[in-house]
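Down below is the structure, laid out as C-alpha coordinates.
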Amino acid sequence: MAEITVLFFSYAADRMNGRQHRYTIEPGTTIGDLYRQEMEERLQQPVAAFMFSVNAEWAAPSQILHDGDEVAVIPPVSGG
Amino acid sequence: MAEITVLFFSYAADRMNGRQHRYTIEPGTTIGDLYRQEMEERLQQPVAAFMFSVNAEWAAPSQILHDGDEVAVIPPVSGG
Amino acid sequence: MDIVRIQDVPIDVNEGIAAIIDERAGGEAIFLGTVRNVFEGRASRGLFYEAYRDLAEKEMKRIEEELKREFDVLHVVMVHRIGELALGEIAVMVAVSAAHRHQAIRACEAGIDRIKSRVPIWKKERWADGKTAWHDDPEAGAGQMR
Amino acid sequence: MDIVRIQDVPIDVNEGIAAIIDERAGGEAIFLGTVRNVFEGRASRGLFYEAYRDLAEKEMKRIEEELKREFDVLHVVMVHRIGELALGEIAVMVAVSAAHRHQAIRACEAGIDRIKSRVPIWKKERWADGKTAWHDDPEAGAGQMR
(Lines give C-alpha, C1' and ligand atoms only; values in the text may rest on other atoms or scores of the structure.)
Protein backbone atom coordinates (compact mmCIF):
# COMPACT_ATOMS: atom_id res chain seq x y z
CA MET A 1 0.00 0.00 0.00
CA ALA A 2 1.13 3.56 -0.69
CA GLU A 3 0.22 6.92 0.84
CA ILE A 4 -0.23 9.81 -1.52
CA THR A 5 -1.35 13.43 -1.24
CA VAL A 6 -3.66 15.09 -3.78
CA LEU A 7 -3.92 18.87 -4.20
CA PHE A 8 -7.07 20.49 -5.59
CA PHE A 9 -7.39 23.96 -7.08
CA SER A 10 -10.09 26.35 -8.27
CA TYR A 11 -13.56 24.80 -8.53
CA ALA A 12 -12.11 21.31 -7.99
CA ALA A 13 -11.17 22.36 -4.44
CA ASP A 14 -14.69 23.67 -3.88
CA ARG A 15 -16.27 20.41 -5.04
CA MET A 16 -13.86 18.23 -3.03
CA ASN A 17 -14.44 20.35 0.08
CA GLY A 18 -10.75 20.94 0.56
CA ARG A 19 -7.49 21.86 -1.09
CA GLN A 20 -5.67 18.70 -0.02
CA HIS A 21 -6.66 15.07 0.58
CA ARG A 22 -4.62 11.99 1.52
CA TYR A 23 -5.33 8.58 0.00
CA THR A 24 -4.02 5.08 0.58
CA ILE A 25 -3.71 3.23 -2.74
CA GLU A 26 -2.90 -0.26 -4.04
CA PRO A 27 0.43 -0.80 -5.82
CA GLY A 28 0.11 -0.12 -9.56
CA THR A 29 -2.66 2.47 -9.22
CA THR A 30 -2.52 5.16 -11.92
CA ILE A 31 -3.65 8.78 -11.70
CA GLY A 32 -6.63 7.86 -13.85
CA ASP A 33 -7.53 4.91 -11.60
CA LEU A 34 -7.40 7.12 -8.52
CA TYR A 35 -9.45 9.82 -10.23
CA ARG A 36 -12.19 7.40 -11.22
CA GLN A 37 -12.24 5.75 -7.77
CA GLU A 38 -12.13 8.82 -5.54
CA MET A 39 -12.94 12.00 -7.47
CA GLU A 40 -15.03 11.52 -10.58
CA GLU A 41 -18.32 11.37 -8.72
CA ARG A 42 -17.77 14.59 -6.81
CA LEU A 43 -16.08 16.50 -9.63
CA GLN A 44 -18.78 15.40 -12.10
CA GLN A 45 -16.41 15.54 -15.05
CA PRO A 46 -14.44 12.84 -16.88
CA VAL A 47 -10.71 12.48 -16.35
CA ALA A 48 -10.09 14.27 -19.66
CA ALA A 49 -11.49 17.51 -18.17
CA PHE A 50 -8.36 17.92 -16.03
CA MET A 51 -4.60 18.05 -16.27
CA PHE A 52 -2.49 16.33 -13.63
CA SER A 53 0.92 16.65 -12.09
CA VAL A 54 3.01 14.43 -9.85
CA ASN A 55 5.58 16.06 -7.58
CA ALA A 56 5.09 19.39 -9.37
CA GLU A 57 5.69 18.01 -12.86
CA TRP A 58 3.08 17.38 -15.54
CA ALA A 59 1.92 13.77 -15.66
CA ALA A 60 -0.38 11.71 -17.88
CA PRO A 61 -3.41 9.93 -16.37
CA SER A 62 -1.64 6.64 -17.14
CA GLN A 63 1.22 7.40 -14.74
CA ILE A 64 1.55 4.91 -11.86
CA LEU A 65 1.68 6.46 -8.41
CA HIS A 66 4.20 5.67 -5.69
CA ASP A 67 4.37 6.12 -1.95
CA GLY A 68 4.85 9.78 -1.00
CA ASP A 69 3.79 11.22 -4.37
CA GLU A 70 2.08 14.61 -4.42
CA VAL A 71 -0.55 14.67 -7.16
CA ALA A 72 -2.35 17.80 -8.34
CA VAL A 73 -5.72 17.92 -10.08
CA ILE A 74 -5.50 20.90 -12.42
CA PRO A 75 -8.66 22.44 -13.93
CA PRO A 76 -8.40 24.54 -17.10
CA VAL A 77 -6.08 27.39 -16.22
CA SER A 78 -7.27 31.01 -16.25
CA GLY A 79 -4.33 33.16 -15.24
CA GLY A 80 -3.45 36.50 -16.80
CA MET B 1 6.91 88.71 -55.39
CA ALA B 2 6.51 86.63 -52.23
CA GLU B 3 8.75 85.99 -49.23
CA ILE B 4 8.86 82.46 -47.91
CA THR B 5 10.86 80.60 -45.26
CA VAL B 6 12.22 77.10 -45.78
CA LEU B 7 13.21 74.78 -42.90
CA PHE B 8 15.77 72.02 -43.37
CA PHE B 9 16.30 68.97 -41.19
CA SER B 10 18.75 66.11 -40.78
CA TYR B 11 21.29 65.79 -43.58
CA ALA B 12 19.40 68.35 -45.67
CA ALA B 13 20.30 71.00 -43.08
CA ASP B 14 23.95 69.91 -43.23
CA ARG B 15 24.04 70.17 -47.03
CA MET B 16 22.23 73.53 -47.07
CA ASN B 17 24.56 74.91 -44.37
CA GLY B 18 21.70 75.94 -42.19
CA ARG B 19 18.37 74.95 -40.72
CA GLN B 20 16.45 77.89 -42.19
CA HIS B 21 16.69 79.96 -45.38
CA ARG B 22 14.52 82.78 -46.75
CA TYR B 23 13.68 83.04 -50.45
CA THR B 24 11.91 85.61 -52.61
CA ILE B 25 9.82 83.89 -55.27
CA GLU B 26 7.73 84.74 -58.33
CA PRO B 27 3.94 84.37 -58.06
CA GLY B 28 2.83 80.87 -59.04
CA THR B 29 6.02 79.17 -57.90
CA THR B 30 5.41 75.62 -56.62
CA ILE B 31 7.37 73.71 -54.00
CA GLY B 32 8.86 71.61 -56.80
CA ASP B 33 9.88 74.73 -58.76
CA LEU B 34 11.59 76.21 -55.71
CA TYR B 35 13.31 72.91 -54.95
CA ARG B 36 14.74 72.60 -58.46
CA GLN B 37 15.81 76.28 -58.56
CA GLU B 38 17.38 76.61 -55.13
CA MET B 39 18.06 73.23 -53.55
CA GLU B 40 18.48 70.35 -55.97
CA GLU B 41 22.10 71.14 -56.76
CA ARG B 42 23.20 71.25 -53.13
CA LEU B 43 21.01 68.38 -51.92
CA GLN B 44 22.07 66.21 -54.88
CA GLN B 45 18.80 64.30 -54.90
CA PRO B 46 15.65 64.64 -57.00
CA VAL B 47 12.52 66.22 -55.58
CA ALA B 48 11.05 62.73 -55.08
CA ALA B 49 13.68 62.00 -52.43
CA PHE B 50 11.94 64.35 -49.99
CA MET B 51 8.57 65.03 -48.42
CA PHE B 52 7.41 68.61 -47.97
CA SER B 53 5.14 70.60 -45.72
CA VAL B 54 3.70 74.09 -45.86
CA ASN B 55 2.79 75.80 -42.60
CA ALA B 56 3.29 72.53 -40.71
CA GLU B 57 0.99 70.47 -42.91
CA TRP B 58 2.00 67.91 -45.54
CA ALA B 59 2.08 69.34 -49.04
CA ALA B 60 2.66 67.95 -52.54
CA PRO B 61 5.51 69.31 -54.70
CA SER B 62 2.82 70.76 -57.00
CA GLN B 63 1.53 73.10 -54.29
CA ILE B 64 1.82 76.82 -55.14
CA LEU B 65 3.52 78.94 -52.49
CA HIS B 66 2.25 82.22 -51.09
CA ASP B 67 3.76 85.13 -49.22
CA GLY B 68 4.63 84.22 -45.63
CA ASP B 69 4.51 80.44 -46.15
CA GLU B 70 6.81 78.27 -44.06
CA VAL B 71 8.00 75.30 -46.12
CA ALA B 72 9.85 72.29 -44.70
CA VAL B 73 12.11 69.93 -46.65
CA ILE B 74 11.67 66.57 -44.97
CA PRO B 75 14.19 63.76 -45.56
CA PRO B 76 13.16 60.14 -44.92
CA VAL B 77 12.18 60.03 -41.26
CA SER B 78 14.12 57.91 -38.78
CA GLY B 79 12.48 58.39 -35.40
CA GLY B 80 11.87 55.67 -32.86
CA MET C 1 18.35 40.14 -15.86
CA ASP C 2 15.46 37.69 -15.89
CA ILE C 3 12.64 37.49 -13.35
CA VAL C 4 10.09 34.68 -13.10
CA ARG C 5 7.91 34.87 -10.02
CA ILE C 6 4.50 34.31 -8.46
CA GLN C 7 3.91 36.86 -5.70
CA ASP C 8 1.13 38.07 -3.42
CA VAL C 9 2.27 41.70 -3.22
CA PRO C 10 1.57 44.41 -5.84
CA ILE C 11 3.55 44.18 -9.08
CA ASP C 12 6.26 46.84 -9.50
CA VAL C 13 6.54 47.77 -13.18
CA ASN C 14 9.75 49.67 -12.56
CA GLU C 15 11.41 46.51 -11.27
CA GLY C 16 10.51 44.79 -14.52
CA ILE C 17 11.74 47.61 -16.73
CA ALA C 18 15.00 47.94 -14.82
CA ALA C 19 15.59 44.21 -15.31
CA ILE C 20 15.20 44.24 -19.10
CA ILE C 21 16.93 47.51 -20.05
CA ASP C 22 20.18 46.70 -21.86
CA GLU C 23 22.52 48.71 -24.08
CA ARG C 24 22.27 45.94 -26.68
CA ALA C 25 18.47 46.36 -26.86
CA GLY C 26 16.65 48.63 -29.29
CA GLY C 27 13.17 47.67 -28.10
CA GLU C 28 11.44 46.78 -24.87
CA ALA C 29 7.89 45.44 -24.90
CA ILE C 30 5.84 45.31 -21.70
CA PHE C 31 2.40 43.81 -21.24
CA LEU C 32 0.31 44.39 -18.13
CA GLY C 33 -2.85 42.42 -17.48
CA THR C 34 -5.21 44.40 -15.24
CA VAL C 35 -8.47 43.68 -13.46
CA ARG C 36 -11.51 44.77 -15.51
CA ASN C 37 -14.78 46.07 -14.14
CA VAL C 38 -16.75 43.85 -16.49
CA PHE C 39 -16.45 40.27 -17.74
CA GLU C 40 -18.68 38.87 -20.48
CA GLY C 41 -21.01 41.82 -20.08
CA ARG C 42 -21.51 41.46 -16.31
CA ALA C 43 -20.25 44.03 -13.79
CA SER C 44 -17.37 42.86 -11.58
CA ARG C 45 -15.74 44.32 -8.52
CA GLY C 46 -12.48 42.37 -8.62
CA LEU C 47 -10.68 39.06 -8.96
CA PHE C 48 -9.14 36.46 -6.67
CA TYR C 49 -6.17 34.54 -8.10
CA GLU C 50 -4.66 31.30 -6.87
CA ALA C 51 -1.70 29.35 -8.23
CA TYR C 52 -0.05 25.99 -7.86
CA ARG C 53 3.09 27.90 -7.17
CA ASP C 54 5.78 25.22 -7.63
CA LEU C 55 4.52 24.08 -10.99
CA ALA C 56 3.52 27.59 -12.09
CA GLU C 57 7.00 29.00 -11.60
CA LYS C 58 8.52 25.94 -13.30
CA GLU C 59 6.22 26.39 -16.30
CA MET C 60 6.91 30.13 -16.47
CA LYS C 61 10.62 29.37 -16.45
CA ARG C 62 10.10 27.03 -19.41
CA ILE C 63 8.21 29.79 -21.26
CA GLU C 64 11.06 32.20 -20.52
CA GLU C 65 13.50 29.76 -22.12
CA GLU C 66 11.24 29.30 -25.13
CA LEU C 67 11.03 33.06 -25.69
CA LYS C 68 14.79 33.41 -25.54
CA ARG C 69 15.26 30.58 -28.00
CA GLU C 70 12.44 31.43 -30.43
CA PHE C 71 12.58 35.24 -30.48
CA ASP C 72 16.22 35.94 -29.68
CA VAL C 73 15.31 38.21 -26.77
CA LEU C 74 17.87 39.48 -24.28
CA HIS C 75 15.88 39.51 -21.02
CA VAL C 76 12.51 38.17 -19.92
CA VAL C 77 10.41 39.22 -16.94
CA MET C 78 7.23 37.32 -16.02
CA VAL C 79 5.54 38.12 -12.72
CA HIS C 80 2.05 36.99 -11.76
CA ARG C 81 0.26 38.18 -8.67
CA ILE C 82 -2.09 36.02 -6.58
CA GLY C 83 -4.67 36.82 -3.89
CA GLU C 84 -7.42 39.45 -3.88
CA LEU C 85 -7.06 42.14 -6.55
CA ALA C 86 -9.09 45.31 -6.89
CA LEU C 87 -10.28 46.81 -10.17
CA GLY C 88 -7.44 48.32 -12.19
CA GLU C 89 -4.72 46.43 -10.32
CA ILE C 90 -1.99 44.63 -12.24
CA ALA C 91 -2.38 40.83 -12.21
CA VAL C 92 0.47 39.96 -14.55
CA MET C 93 3.49 41.65 -16.10
CA VAL C 94 5.45 40.33 -19.08
CA ALA C 95 8.46 42.39 -20.18
CA VAL C 96 11.11 41.56 -22.75
CA SER C 97 13.96 43.34 -24.47
CA ALA C 98 15.47 42.56 -27.86
CA ALA C 99 17.70 44.13 -30.47
CA HIS C 100 14.69 44.96 -32.66
CA ARG C 101 11.16 45.99 -31.88
CA HIS C 102 9.20 43.29 -33.65
CA GLN C 103 11.12 40.56 -31.85
CA ALA C 104 10.35 42.20 -28.53
CA ILE C 105 6.65 42.68 -29.28
CA ARG C 106 6.21 39.17 -30.71
CA ALA C 107 7.98 37.63 -27.71
CA CYS C 108 5.93 39.66 -25.24
CA GLU C 109 2.69 38.57 -26.88
CA ALA C 110 3.78 34.92 -26.98
CA GLY C 111 4.73 35.23 -23.31
CA ILE C 112 1.32 36.37 -22.12
CA ASP C 113 -0.47 33.94 -24.47
CA ARG C 114 1.53 31.00 -23.11
CA ILE C 115 1.09 32.07 -19.49
CA LYS C 116 -2.66 32.20 -20.02
CA SER C 117 -2.83 28.82 -21.71
CA ARG C 118 -0.32 26.76 -19.72
CA VAL C 119 0.53 28.12 -16.27
CA PRO C 120 -1.52 26.66 -13.38
CA ILE C 121 -3.15 29.85 -12.13
CA TRP C 122 -6.90 30.35 -11.70
CA LYS C 123 -9.10 33.36 -11.22
CA LYS C 124 -12.40 33.79 -9.42
CA GLU C 125 -14.64 36.66 -10.43
CA ARG C 126 -16.20 38.71 -7.63
CA TRP C 127 -19.35 39.94 -9.32
CA ALA C 128 -20.79 43.31 -8.42
CA ASP C 129 -23.94 41.57 -7.11
CA GLY C 130 -21.89 39.80 -4.43
CA LYS C 131 -21.73 36.34 -6.06
CA THR C 132 -18.44 34.72 -7.00
CA ALA C 133 -17.46 32.18 -9.66
CA TRP C 134 -14.26 30.53 -10.81
CA HIS C 135 -13.54 31.12 -14.49
CA ASP C 136 -14.28 28.01 -16.58
CA ASP C 137 -16.27 26.37 -13.80
CA PRO C 138 -18.71 24.19 -15.75
CA GLU C 139 -21.35 24.68 -13.05
CA ALA C 140 -21.12 28.48 -13.11
CA GLY C 141 -23.51 28.47 -16.07
CA ALA C 142 -22.81 28.91 -19.73
CA GLY C 143 -24.45 32.33 -19.83
CA GLN C 144 -22.28 33.67 -17.05
CA MET C 145 -18.83 32.30 -17.81
CA ARG C 146 -17.34 30.93 -20.96
CA MET D 1 -5.91 60.04 -20.48
CA ASP D 2 -4.00 60.53 -23.71
CA ILE D 3 -0.53 62.03 -24.09
CA VAL D 4 1.13 63.02 -27.37
CA ARG D 5 4.35 64.93 -26.95
CA ILE D 6 7.85 65.64 -28.23
CA GLN D 7 10.14 66.49 -25.31
CA ASP D 8 13.82 67.08 -24.60
CA VAL D 9 13.81 65.70 -21.05
CA PRO D 10 13.99 62.00 -20.09
CA ILE D 11 10.85 59.92 -20.68
CA ASP D 12 8.97 58.90 -17.53
CA VAL D 13 7.44 55.46 -18.04
CA ASN D 14 5.34 55.81 -14.90
CA GLU D 15 3.64 58.88 -16.34
CA GLY D 16 2.65 56.84 -19.37
CA ILE D 17 1.37 53.89 -17.37
CA ALA D 18 -0.62 56.11 -15.02
CA ALA D 19 -2.25 57.74 -18.05
CA ILE D 20 -3.48 54.49 -19.63
CA ILE D 21 -4.59 52.49 -16.56
CA ASP D 22 -8.38 52.19 -16.58
CA GLU D 23 -10.85 49.91 -14.80
CA ARG D 24 -12.40 49.10 -18.17
CA ALA D 25 -9.04 47.81 -19.47
CA GLY D 26 -7.88 44.20 -19.28
CA GLY D 27 -4.59 44.81 -21.06
CA GLU D 28 -1.95 47.50 -21.28
CA ALA D 29 0.83 47.28 -23.86
CA ILE D 30 3.90 49.47 -23.60
CA PHE D 31 6.74 49.76 -26.09
CA LEU D 32 10.00 51.52 -25.30
CA GLY D 33 12.55 52.28 -27.99
CA THR D 34 16.03 52.52 -26.49
CA VAL D 35 19.45 53.55 -27.74
CA ARG D 36 21.51 50.55 -28.87
CA ASN D 37 25.27 50.20 -28.61
CA VAL D 38 25.49 48.88 -32.17
CA PHE D 39 23.81 49.72 -35.48
CA GLU D 40 24.26 47.60 -38.57
CA GLY D 41 27.18 45.87 -36.96
CA ARG D 42 29.11 49.03 -36.04
CA ALA D 43 29.70 50.16 -32.44
CA SER D 44 27.82 53.28 -31.38
CA ARG D 45 28.02 55.52 -28.33
CA GLY D 46 24.63 57.19 -28.65
CA LEU D 47 22.10 59.04 -30.78
CA PHE D 48 21.07 62.62 -31.43
CA TYR D 49 17.40 63.13 -32.32
CA GLU D 50 15.79 66.17 -33.91
CA ALA D 51 12.16 66.76 -34.83
CA TYR D 52 10.04 69.17 -36.79
CA ARG D 53 8.04 69.56 -33.63
CA ASP D 54 4.84 71.21 -34.93
CA LEU D 55 4.25 68.68 -37.67
CA ALA D 56 5.55 65.77 -35.58
CA GLU D 57 3.05 66.34 -32.79
CA LYS D 58 0.28 66.84 -35.34
CA GLU D 59 1.14 63.55 -37.06
CA MET D 60 1.39 61.71 -33.73
CA LYS D 61 -2.04 63.05 -32.82
CA ARG D 62 -3.38 61.64 -36.08
CA ILE D 63 -1.84 58.26 -35.29
CA GLU D 64 -3.43 58.36 -31.84
CA GLU D 65 -6.83 58.88 -33.45
CA GLU D 66 -6.22 56.05 -35.91
CA LEU D 67 -5.33 53.64 -33.11
CA LYS D 68 -8.48 54.52 -31.19
CA ARG D 69 -10.61 54.03 -34.27
CA GLU D 70 -8.95 50.90 -35.66
CA PHE D 71 -8.15 48.98 -32.47
CA ASP D 72 -10.83 50.19 -30.08
CA VAL D 73 -8.25 51.22 -27.48
CA LEU D 74 -9.13 53.27 -24.43
CA HIS D 75 -6.04 55.47 -23.99
CA VAL D 76 -2.97 56.22 -26.06
CA VAL D 77 0.38 57.64 -24.95
CA MET D 78 3.07 58.55 -27.47
CA VAL D 79 6.10 60.46 -26.27
CA HIS D 80 9.29 60.95 -28.28
CA ARG D 81 12.44 62.46 -26.87
CA ILE D 82 14.84 64.67 -28.83
CA GLY D 83 18.39 65.87 -28.20
CA GLU D 84 21.46 63.86 -27.17
CA LEU D 85 20.69 60.40 -25.81
CA ALA D 86 23.12 58.00 -24.15
CA LEU D 87 23.17 54.23 -24.64
CA GLY D 88 20.21 52.52 -22.99
CA GLU D 89 18.14 55.70 -22.72
CA ILE D 90 14.51 55.70 -23.83
CA ALA D 91 13.93 57.55 -27.11
CA VAL D 92 10.25 56.76 -27.53
CA MET D 93 7.38 55.37 -25.48
CA VAL D 94 4.09 54.07 -26.88
CA ALA D 95 1.52 52.87 -24.36
CA VAL D 96 -2.09 51.82 -24.92
CA SER D 97 -4.86 50.20 -22.93
CA ALA D 98 -7.77 48.16 -24.24
CA ALA D 99 -10.41 45.77 -23.01
CA HIS D 100 -8.48 42.78 -24.41
CA ARG D 101 -4.81 42.02 -24.68
CA HIS D 102 -4.49 41.44 -28.42
CA GLN D 103 -6.12 44.80 -29.20
CA ALA D 104 -3.65 46.52 -26.90
CA ILE D 105 -0.61 44.73 -28.31
CA ARG D 106 -1.68 45.22 -31.96
CA ALA D 107 -2.37 48.91 -31.34
CA CYS D 108 0.96 49.42 -29.58
CA GLU D 109 2.84 47.80 -32.45
CA ALA D 110 0.93 49.84 -35.04
CA GLY D 111 1.71 52.95 -33.01
CA ILE D 112 5.47 52.51 -33.04
CA ASP D 113 5.46 51.34 -36.68
CA ARG D 114 3.55 54.45 -37.77
CA ILE D 115 5.71 56.79 -35.68
CA LYS D 116 8.80 55.33 -37.33
CA SER D 117 7.41 55.60 -40.84
CA ARG D 118 5.54 58.92 -40.74
CA VAL D 119 6.56 61.31 -37.95
CA PRO D 120 9.19 63.90 -38.93
CA ILE D 121 11.92 62.93 -36.48
CA TRP D 122 15.51 62.09 -37.44
CA LYS D 123 18.38 60.41 -35.68
CA LYS D 124 22.11 60.87 -36.00
CA GLU D 125 24.37 58.04 -34.95
CA ARG D 126 27.40 58.93 -32.82
CA TRP D 127 29.78 56.14 -33.76
CA ALA D 128 32.23 54.82 -31.21
CA ASP D 129 35.11 55.98 -33.47
CA GLY D 130 33.99 59.61 -33.06
CA LYS D 131 32.32 60.03 -36.47
CA THR D 132 28.64 60.89 -36.80
CA ALA D 133 26.05 60.20 -39.52
CA TRP D 134 22.34 60.87 -39.99
CA HIS D 135 20.35 57.72 -40.61
CA ASP D 136 19.34 57.35 -44.28
CA ASP D 137 21.85 59.96 -45.40
CA PRO D 138 22.65 58.84 -48.96
CA GLU D 139 26.20 60.14 -48.59
CA ALA D 140 26.91 58.24 -45.39
CA GLY D 141 27.77 55.20 -47.51
CA ALA D 142 25.69 52.15 -48.28
CA GLY D 143 27.91 49.90 -46.20
CA GLN D 144 27.53 52.05 -43.12
CA MET D 145 23.87 53.05 -43.10
CA ARG D 146 20.87 51.54 -44.81
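For this structure, a couple of remarks:
To keep things simple, chains are lettered A, B, C and D as they appear, and every chain counts its residues starting from 1.
Note that in this section contacts are C-beta pairs under 8 Å (C-beta built on N, C-alpha and C of every residue); 3 or more make two chains touch, one makes a residue touch a chain.
For reference, the UniProt names are A, B = Molybdopterin synthase sulfur carrier subunit; C, D = Molybdopterin synthase.
Computed from a prediction, not measured in an experiment: that's the story for all the values here.
Contact with both subunit B and subunit C is made by D.
Taking the mean of C-alpha positions as each chain's centre, the chain lying farthest from the centre of subunit D is A.
One inter-chain figure worth recording: subunit A and subunit D are separated by 49 Å, centre to centre, where each centre is the mean of the chain's CA atoms. Note on chain placement: the centre of subunit C and the centre of subunit D lie 24 Å apart, centres being C-alpha means. With centres taken as mean Cα positions, subunit B sits 74 Å from subunit A. Along subunit C, residues 33, 101, 112 each make contact with two or more other chains.
Subunit A has residues 80 in contact with two or more other chains.
Pairs of chains meeting the touch criterion are A-C, B-D, C-D.
The residues of subunit C lying in touch with subunit A in their complex are 33, 49-52, 54-56, 58, 80, 91-92, 112, 115-124, 134-140.
The touching residues of subunit B, when paired with subunit D in their complex, are 7, 9-11, 14, 44-45, 49, 51, 53, 56-58, 72, 74-80. Interface residues of subunit D facing subunit C in the complex, by the touch rule stated above, are 13-14, 17, 21-38, 87-88, 97, 99, 101-102, 104-105, 108-109, 112.
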